[in-house]
Amino acid sequence: MEILQSGMGELFQAPDVNAFREWNRKKPKGLVDKRMTAAEAVGRFIHDGDCIGTELYGTVRCPVSLVSEVVRQGKKDLRVAGQGVYELDLLLGASLVRTLDITYIGLEVYGVSNCLRREVESGRVKCTEWSNAGIAWRFKAAAMGVPFIPVRSMLGTDTLKYSAAKVIECPFTGNPMCLLPALILDVGLIHVHRADIYGNAQIDGISGFAAEMARASKTLILSTEEIVPTETIRQRPDRTIIPYYLVDAVVEAPFGSHPGEMCYVYRRDEPQIKEWVEASQTPETTRAYLDKYIYQVRDHVEYLERVGRQRLNALRYQ
Amino acid sequence: MQSQNANPGGYNPAELLICTAARLMPDNTTAFIGTGIPMLAASLAQKMHAPNLVAVFEFGGMGAILDKLPMAVGEENTFHRALAAAGILDTIEAAQRGFIEYGFLGGAQIDPYGNLNSTVIGAHDHPKVRLPGSGGANDVGSHCWQTIAIMRQDKQRFVEKVDFITTPGYLSGPGAREAAGLPPGTGPYRVVTNLAVMGYHPQSKRMMLLATQPGVSIEQVLENTGFELLVADTVEENPPPTDEELRLLREEVDKDKLYI
Amino acid sequence: MEILQSGMGELFQAPDVNAFREWNRKKPKGLVDKRMTAAEAVGRFIHDGDCIGTELYGTVRCPVSLVSEVVRQGKKDLRVAGQGVYELDLLLGASLVRTLDITYIGLEVYGVSNCLRREVESGRVKCTEWSNAGIAWRFKAAAMGVPFIPVRSMLGTDTLKYSAAKVIECPFTGNPMCLLPALILDVGLIHVHRADIYGNAQIDGISGFAAEMARASKTLILSTEEIVPTETIRQRPDRTIIPYYLVDAVVEAPFGSHPGEMCYVYRRDEPQIKEWVEASQTPETTRAYLDKYIYQVRDHVEYLERVGRQRLNALRYQ
Amino acid sequence: MQSQNANPGGYNPAELLICTAARLMPDNTTAFIGTGIPMLAASLAQKMHAPNLVAVFEFGGMGAILDKLPMAVGEENTFHRALAAAGILDTIEAAQRGFIEYGFLGGAQIDPYGNLNSTVIGAHDHPKVRLPGSGGANDVGSHCWQTIAIMRQDKQRFVEKVDFITTPGYLSGPGAREAAGLPPGTGPYRVVTNLAVMGYHPQSKRMMLLATQPGVSIEQVLENTGFELLVADTVEENPPPTDEELRLLREEVDKDKLYI
């Protein structure tokens, strides 16, 4: 069973599933009230240099209020995994990122990310490449508790060459297979439709890679549109996509994905996204945007007031 | 672009690309759809000849009825009255299992074998331009049976060698995909541009001009290609968008003028 | 990357993911009415010698009406995968099984399966061993479209020695890992709470390994408690656990899991299960039971009549 | 069994096993629960000292409130008002990831290292008795931090060498689990029988008598063990089931007399 190729990208986080097991064993299994403010959650659980990730993608169900708090507290040298539009752009715009397990960071219909360009082209941020499913599969491997997962993406390309994947000869079929190393996050940030005070969480619509990332995170901070009674969870246990024992903090955050969307609840705020697209073009205007929406507001409530209740309500599905 | 002036009815380059791509989508098949032109093309195809075209969106939406246009890959409209709303691994694994026939791709550069670059211009570790990266492109290009690239055509984009192979085309040529471990029988199918529609030579796997867009000459296509483009024995000229296509596109598909 | 150990059990079905892709490509992607009788579905899609599997387990949401039809039609030399209580016992009792990818076949609180004992101890049925999760993971590998999946079950045991798994040295951590070969079924049989005429299906409560097995089956026969309008599916697409394109036949079968249970709909029929436990002890009484409930009834409707409507209704949750 | 006569209040062997196992389940922890005695023990523990014992059932139920007893591993009562109802891979992968502290096991044979056989008596390919097979036992025994075996104790069941290692105990002794690739720090914790409670010697990993059941002597335990059983320096005698335990068990846990 030969190793045919090894990607030369740096592996920013070791797939140490045994250490992950030890960590998970120590997480509390009792039903503990985990509600706290974003300031407290980010302050307690995110450290400079941590390997973090966000879910979902493309301004859809993104943990914007949590990421804004990370920016506000200036957590730095972050090793960030994933794909992002607005939420990862904020971290890059604030120069808080040291490495990227990157698959896609851009502004979708509005083009490339200027923040990404500035940070990477200057050499401040180092990138290891993956595909979208590649990152999700890496979370899946960690969620399974195994150090790698075999896939048929990335084969034959520079994406693989600049990744930390390996190609082996399949011991059952003899064909080349790509093995992706598990990606265990120090901290995962996920925004959900509803959760109870213990962290049992439900999501409506597409699930993205929430199930996988939640299970791949040593520490998991949830923000939620609303807190619901545990009885709501117990009535429909098959809707629990994230069980409480994975969760370390539950932060109530209505409009927590704004200016992104939350399916069935509110649409995305196109003017504000365009405001960011414009602002992100230069460091100075980027800074001004961050001042306006993050540094100069105390918390998510103040942010929502700055945006304006009337404007927010207009985004709601009736 | 030339096409706008060449057509008395008047349509813009985006409308031309959308109509050209829509015609490539048969009914009762599955297609991975990305934001932008593929989305509009899929919606138009559903309203024209392919009511049972199954649109699959990477982050989980399958079989949506595309009444409204999404602005992002995971938006509610990607699973509006869909048959299933799952997660990214469910859709990509369906592709890995052979269930997805067509995939749509874009990129900053394409080479004669259909390899695509959406990662960097210049060297990876000292890039001139850092582009967004693979996203789902590599997955779509690895697993779908047939991929269709939609791009603007010029010598900067159609190059002999891409700076970075983000997404596999035929790699270095015949047999290379299979040797790399990619599923046999998969690969690039068409390239749709403002100037032409291209396919690939069945043996050499090199890009080959099949049809020009309305009012575009073969020479114009060759002049805007940075590598030796094969030319089919018979090169058709695509018919321009029909009145009905344009009406559906403007009045129903993109009635809020988000894209066109 | 060394192969440390190879299980000596026979691999009854090759993990040929490329052939599986070709098969899946040809499956119809249009919305086609797939309703048919169990007789038609089993007659058309199951052949002597096929590799088949059933879901769930332990008399819970089992495709009993479909399996009964397999027995009725005498499909033989079957290669059966999985775990079972009543439903696989029927196949063994009727001597229709040639090989077993076995994890557990028994009568739970009522002890060992006499049908299994007779068939295996006589040498008529050959077994390759796996764990419960092992079988589910093998389906998961097939569902992913990859030829194997790495796990940490089965290591160090005779379960592995008599399986067809392999142990390799992990190329990322150096630790031994068990690789399970993908299990691609010729035909999968699943009973669900509701489905539309195209095969879009929903399940309530625990999902067992329905998602994985459905995606690992070349041909998938669904039985369903009820047929619902497609609009019901479209209203809640996040409840679709089996999308239509996986499905080849939709068989309406209220009480399709009887004498097993269907969560939230009806309880299991303890007296009839005990009747089987008793009957299965000898070949003669086994045959008499099969006569009574399968061979001498034409179809599932006649079966339900023989059981008795009043008795069935008493099993319903009010 | 002796215990029934030894206790003036009167309890049967099943009740004794259930109460003994229940006392081993702490509050605020996770335990994989199988049908039968572990289920009753978990329900009793929830009503006694461990209201927040999180019962995990292999086929997907997590955190059920065990008001009613299931007769099968996937039954509705395994996810009755539960916190989550997922699938088998979700629960076993949670164990593989280190989230499940305790697992309960049974078997036809056990050896001094806690290896369990539930597959065959005799040779695999020509068995004297074909047993059901691993089921989830191998998974539970591989991934849970601590496993507790519940068995009837006699020389046919407690043997020097099991005919087939279905589920790993300490395999051939110290270090063998880790060498095989099983997660470090996992392994057999207790064996609960009608006669005794046993653990494992911290260095040699061989089974060791820790406590006898009420009215049972150390000699009786040794006589009913087919291998050399280590004996702890101090062997306690378990207190008999209390009136409250028996009342809860009879009036609430198994009020329909399904099991006891």
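Going by the order they are written in, the chains are A, B, C and D; count residues from 1 in each one.
Everything below uses one rule, namely that contacts are C-beta pairs under 8 Å (C-beta built on N, C-alpha and C of every residue); 3 or more make two chains touch, one makes a residue touch a chain.
Note that this is a predicted model, so its numbers are computed, not measured.
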Chain pair showing more contacts of the two, A-D and A-B: A-B
Centroid-based (C-alpha) most distant chain relative to subunit B: D
Centroid spacing, where centroids are CA-atom means, of subunit A and subunit D in whole angstrom: 40
Whole-Å gap separating subunit C and subunit D, where each centre is the average of the chain's CA atoms: 28
Distance from the mean Cα position of subunit D to that of subunit B, given in whole angstrom: 58
Contacts with two or more other chains, residues of subunit C listed in rising order: 17-18, 144-146, 151-152, 175, 177, 205-207, 237-238
Contacts with two or more other chains, residues of subunit B listed in rising order: 61, 79, 85-86, 89, 96, 143, 183
Touching residues on subunit C, where the partner in the complex is subunit D: 56-61, 83, 85, 102-106, 108-109, 112-113, 116-117, 120-121, 123, 127, 129-134, 136-137, 140, 151-159, 162, 167, 175-178, 205-212, 261, 263-264, 267-268, 270
Residue ranges of subunit D touching subunit A (in the complex, touch as defined): 27-30, 52, 54, 61-63, 65, 79, 81-86, 89, 93-94, 96-99, 101, 143, 145, 183-185
Complex contacts: residues of subunit D adjacent to subunit C: 35-36, 57-61, 71-76, 78-79, 85-89, 92, 96, 115, 119, 124, 126-139, 142-143, 164-168, 171, 176-177, 179-183, 259
Subunit C - residues contacting subunit B, complex: 17-18, 20-25, 27-31, 142-146, 198, 200, 215, 230, 233-235, 237-238, 240, 243-245
Subunit A to subunit C touching residues, read off their complex: 1-3, 15-18, 144-152, 166, 168, 170-173, 175, 177, 179, 181, 204-207, 237-238
